[in-house]
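In what follows, chain A forms one complex with chain B and a second complex with chain C.
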Partner chain A sequence: MTAITLPAPGKPARRSPRHPYRAALASARGRVGLALVLPVVLAGVLAPLLAGHSPTDQSDLSLAAPGTPGHLLGTDDLGRDLLARLVYGIRADLGIIALAVPLGALLGCLFALLAATHPAVDTAVQRAFDLVLAFPGLILALAVTAILGPGRLPVVLVIALAEIPAFGRLLRTGILVEREREYATAARVGGASPARVLTRHILPNAVDPLVVQIAVSLTVAVFIEGAMSFLGVGVRPPQPTLGAVLSQSMPYLADAPHFAAGPLITVTALVLGLSLIAEALNREIRR
Partner chain B sequence: MTESYPSPAAPPSRRTALRAAGGGTLLLGLGLAGCRSAVSASESAEKGGAAEPRRGGTVSVAINSDFTPSLLFAQSGQSLQHRLVYNTLTRYDDELTPRPELATSWHYAEDGRSITLELRSGVTFHDGRPFTADDVIFAVKNLQNPARAAQLRATAGVITGFEKQGDHRLVLKLAHRVNNLFDLFEFMIITDRNSVEEALKGTRLNGTGPFRLTKWSPGSGLSFTRNDAYWQPGRPYLDAVEFRVIPQADALVSSLRTGQSQLTFQVPGRNLAVVKSSPGLTVTEYDTGGGAQYLGVNTTVAPLDDRTVRQALALAVDRDRILKQTLGGYGLASAAPWPKSSPAFTEAGRTHYGHDPAKARELLRSAGHTRLDLPLLHLGLPGDTAVAESLQYDLKQVGVHVTLRPTDPATAQKDLISQKMPALWTMSHGFAQVQPSTLAVSAYPFNEAKNTSKYRSAKYTRVVREAWTSPATGAAANALHREISDILLDEAFIIDLVIRGNVQVAAKDLHGVTLNKFAYLNLDNAYLAA
Partner chain C sequence: MGIRLLRRLPSALLVLLVASFVIFSILRLVPGDPATSLAGPDAGPETVAAIRDRLGLDEPLPLQYVHWIGGLLTGDLGPSYAIGGQTADLIGDGLGATVELTLGALLFVVVLGTAFGVLGATARRGWVRATVRVLTTGALAVPPFVTGVLLVLLFAVVLKVLPSGGRVSVLTAPDLGVQYLLLPALCLALPSAAILGRYLKDGIERALAEDYVRTATAAGVHPRRLLWRHALPNALPPVVTLLGMQTGHLLGGAVLVEAIFAWPGLGQLAEQGLTRRDYPVVQDLLLLLVTVFVLVQLITDLVHAWLDPRIRWE
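Coming up: the complex of A and B.
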């Protein structure tokens, strides 16, 4: 009879997950992604240092061109400094997505774990996911804001709600695959309770795809926040967000294109950068 | 008093003649160079200025909100189609002198308690039925019906009796003398009494107007074709009119610039700079004032029940900046509700509250306040949000910290009517462009009997009632108008900011377009130049 050696609880059967992450960020895609995302994140974090004005202070100097003394990026229609609105807008966006995406991920994972406990629960959770997925993100946003009104909290809730099925389904698939592996069977044979097998043995081996999903979800979150603010159901004015500044700039695209340039470039950099990072992570993890 | 007009073609007023002599280039104040009265523009064209009227063609009109048939008899945000399908009894000229439409002449009884209308004969509805005095009786009774939510119901309610003298003469008996009866006649569309319920559903609009509604596609638009049996000989010139619903301002501007639409009145001021630079388009501002942006104050919310605090708010707002930065400079910064064309307009009233934050702070201190926290409701549309943000900033400078509460137009309108507004709100009001008394007896924010601010005062009621029931012109009328203005300015329960005119954007080859005082589009004389 051959002795079976069980892997230590909490230690995944595969290689350490830190390696593919490092490799992904060191790849060309990862580097470009970081080069696009990090300056934006830094601008948001350092907003109070970078902005020479309050983002809500108005003046008679409306639609001033970039390079106007005291206003590096010019001013908006109400005479507010565009640099201040941009960096504080980034800060507001980062604050929202940094809260919403982990919240969505956490809830999605909890639902996935719940679904793994019993086929009936699994069916119920999957139908609930179907229900959320049946609504396009913006319809969901409008429905939530119709109930709660516009503001920061509804934006966080909408993003989190939209992300729950993505994380939930991804983790559920991982669990279904991993629990059929030998180490999981061995753990069950060894007397581990179903909950322990799930949380200590299967879960650590099923989380890699979630890291990629987080990067993808950050991209989606930037989109959703921007769209909600653009439609006037996001963060309440006068607090700036990237979507809100972009929305305000629309009537002036022909006469003052610099008004829209800042948020457009920033959103593009964020979305492109996060997409590249997600792709790099995906490639390394699947390798 | 008797006024008779032999033909529908009105003689040019002195003002019109002056404008024509000046080449129709009436420059408005506030840097609005190039903007002139649309009425004068069309009249210049008719005098041979632009081109010979050409028969035929279709005009596409871009609108930002759909036709709402349930509001057919109320003053809604979108009433452009009313004068295409229907006629009114009279129409005002630039100086608020009534001109004939379906009523060809009229005379008041000596005591002012009745008016005799001579009605136009030979007029038929689109279904061929002749127009008679019964249709006018129905139109008045229809507006008296509370279910119609007509703002001029109070004036319609003054008509207590009807005496038909044949099919085309009608005596209206009045409960008391009023001076805004012709506002009612300008406002009241003459609908087919047999199909009014269908009209309220939008399934059939049967009027006597120059165009017949052939199709309404909810959310998409309306189609009209020429009424060949129209009572004005040779009119209209156009074969058809199309209304296209384009809610987004940018898309609306694009439709004009690409030639998909030839006419609109709904380009926000902030978007007009783009339009003005388009070579194929003309921007024309009507100088009569179609509405006014205001800051409403709920006088039952402490400390806004204190007049001093309300006056401080009136001094804190920078009207010129709001006009320039949020409305593209189209309008007239004013503390009083009246446009320049109103008999109640005075320069002193317009400038009564200048931008004086120091004095505002002083007033607040004298009332015992150094900091206030108040909510401000506003429409969540981009232009309205910009106005709200400007107000928020101005008020913050004097220690009034405002939390913005965006809402949708339907909810705001409901709250306005049902007096459920929070401490502060900002919207726009109409009815100052006609007889001054109409504003105070008809507009929800100003109604002396029941207004959104919940402001009540025996003096206000007395002055308004007196102004309503006195002759519309003369020294006594002017004194009453001043008194109403003084109360509005002193009590500051509605803080007017900017009087907004209707701004018309049209293709350069479209001529002869006019609006009535309630923004009903008149295309009787419109044509597309070759």
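Coming up: the complex of A and C.
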């Protein structure tokens, strides 16, 4: 028997010769998005250098105004330095997100691959996703925290759990579409095993939507962390997170709006930037 | 329509059954025994045993499950463990508040969403369309707790025209109630309104590009009539499906908005019940939420079929 050599699955011609992800980041949307996101990320990474204070050290200087010597952004109700709480809060959020989103994406993709093996498995996985989606996300958050107690781990788990169906469904659709393409049929006819067709041929062509979903999931993660802090089931005080600082500022909105300003601006910049990047990626990929 | 409903019912009931198992088991996984926390730190083992006996916590789990479902089916939810009062009353009060909030938000979603969609698709001036685009992008991206704080800052702190939180029932005191309702409802509605607006804009643009629109234009139909009588109805079916899904999101999002605006609804009740290990309140509440979610999906499906004849005669 002679080996049949197959032409590599050709990608459809694109208007831009550049890689779509790089083209997306170089577009106007992508640049504005990066300009909004990168400073926030940098502030979180460099938190120990920028802070100058411990984020949990209390002082007698309660609700000091911004510009007070030694406290650039002022202090909170317990006299803690707001700049330190902001940058360490960003750092905490980044840590949670960096753990939770990849975990959710990985598990979602695993379930999708599993579902692709047999129609019966597919049905079971889809119904399981339905069940997760049938519970309002934040009720799920309350339930998980009730079992595990408040802390970092439940926040990570809730975010991951919320992301699994999104990634799972997206990849499943991608696989179903790509599986019917000619190159997949050709690979099967060429004698490639189902596992090889799935992982080496179909998967690389079905990942583009997942990249967009990662950008979307990052905003969802910021949202869930903040929401859990507001519900009182987030990371345990006195550790700062963006959501925790913002929810602590709520009673002082009238007297000390600067308390809320830092996390308000940071969260807005972060989620707007990530949404713009997601939109830019989506546009480039669809071309 | 009836046949369609009959075909859909079994899977809906199955979801409810599985959900009831999941809810029941999750609550039993929660560490901490309701009887111990009810008895207080100084209580002796006999007191705890007596409470366990009174609440039926000594029974085997399957029996407890059967009693729970049996009580639900006969309409007897029993007393709450920790919060006090009858479970049915607690849930009834919370449900009233949450439904009020959700309906208020739904009104905002429909009005704002239609405005976003129609303006985004048909406004002649570029800056109007650009503004709509920026508004919808912002409303979609920014989390409710940020919009909530911004709304409070603007309307309660700077302008001092609306209260920053709390609730007065719209039914007992309409003028005051609406003032308390406006901010939380708007905060809850914005993301869904943005999604609706985007779908509607795409739908209208697609409908306006159809041949029949060109024919109608050539026949002298007024552009406004064309939009409201021809393009909009054709853009509606997918939007209604979306609205159904968004109603579920609104109910879920209400949990957060209630926490931000101190709105005494089901979300607040769930939070209280879970922290105090109040099994009856939490399990009835969760099952109620899932039931509403399933019902909304069912109704959405039927309305979708009613709006789109191709599905109706399938």
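Heads up, the rule we're going with is that the second predicted complex is superposed on the first by the 270 of 287 C-alpha atoms of A that agree within 3 Å, B and C clash if a C-alpha of one lies under 4 Å from a C-alpha of the other, contacts with A are read in each partner's own complex, and residues count from 1 in each chain.
Note that in this section a residue touches a chain if its C-beta (ideal position, glycine included) is under 8 Å from a C-beta of that chain, and two chains touch if they have at least 3 such contacts.
What you see is a predicted model, and the numbers here were worked out from it, not measured in a lab.
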Side-by-side fit of chain B and chain C on chain A, or clash: clash
First, second, both or neither for A:Thr173, with chain B first and chain C second: neither
Touching partner for A:Ala254 - first (chain B), second (chain C), both, neither: both
Between chain B and chain C, more extensive residue contact with chain A: C
Touching partner for A:Ser62 - first (chain B), second (chain C), both, neither: first
Touching partner for A:Val267 - first (chain B), second (chain C), both, neither: second
Contacts of A:Phe223 with chain B and chain C, given as first, second, both or neither: second
Which superposed partner A:Arg236 touches (first chain B, second chain C, both, neither): first
Which of chain B and chain C A:Ser275 touches, first, second, both or neither: second
Superposition clash, chain B versus chain C, among 57-65, 327-335, 417-425 or 453-461: 417-425
Set of chain A residues, in rising order, touched by both chain B and chain C: 149, 232-233, 247, 250, 253-254
Sites on chain A touched by chain B in the complex: 56-58, 60, 62, 77-79, 149-150, 232-233, 236-238, 247-248, 250-255
Chain C partner contacts - residues on chain A that touch it in the complex: 130-131, 134-139, 142-143, 145-147, 149, 219, 222-223, 226-227, 230-233, 243, 246-247, 249-250, 253-254, 257, 260, 264, 267-268, 271-272, 274-276, 279
Chain A contact footprint on chain C (complex, rising order): 15, 18-19, 22, 26, 29-31, 137-138, 140-146, 149-150, 152-153, 156-157, 164, 248, 251-253, 255-256, 259-260, 267, 270-271, 274-275, 286, 289-290, 293-294
Residues of chain B touching chain A in the complex: 249-250, 268, 270-271, 273-274, 277, 321, 324-326, 380-382, 385-386, 388-390, 392-393, 403-406
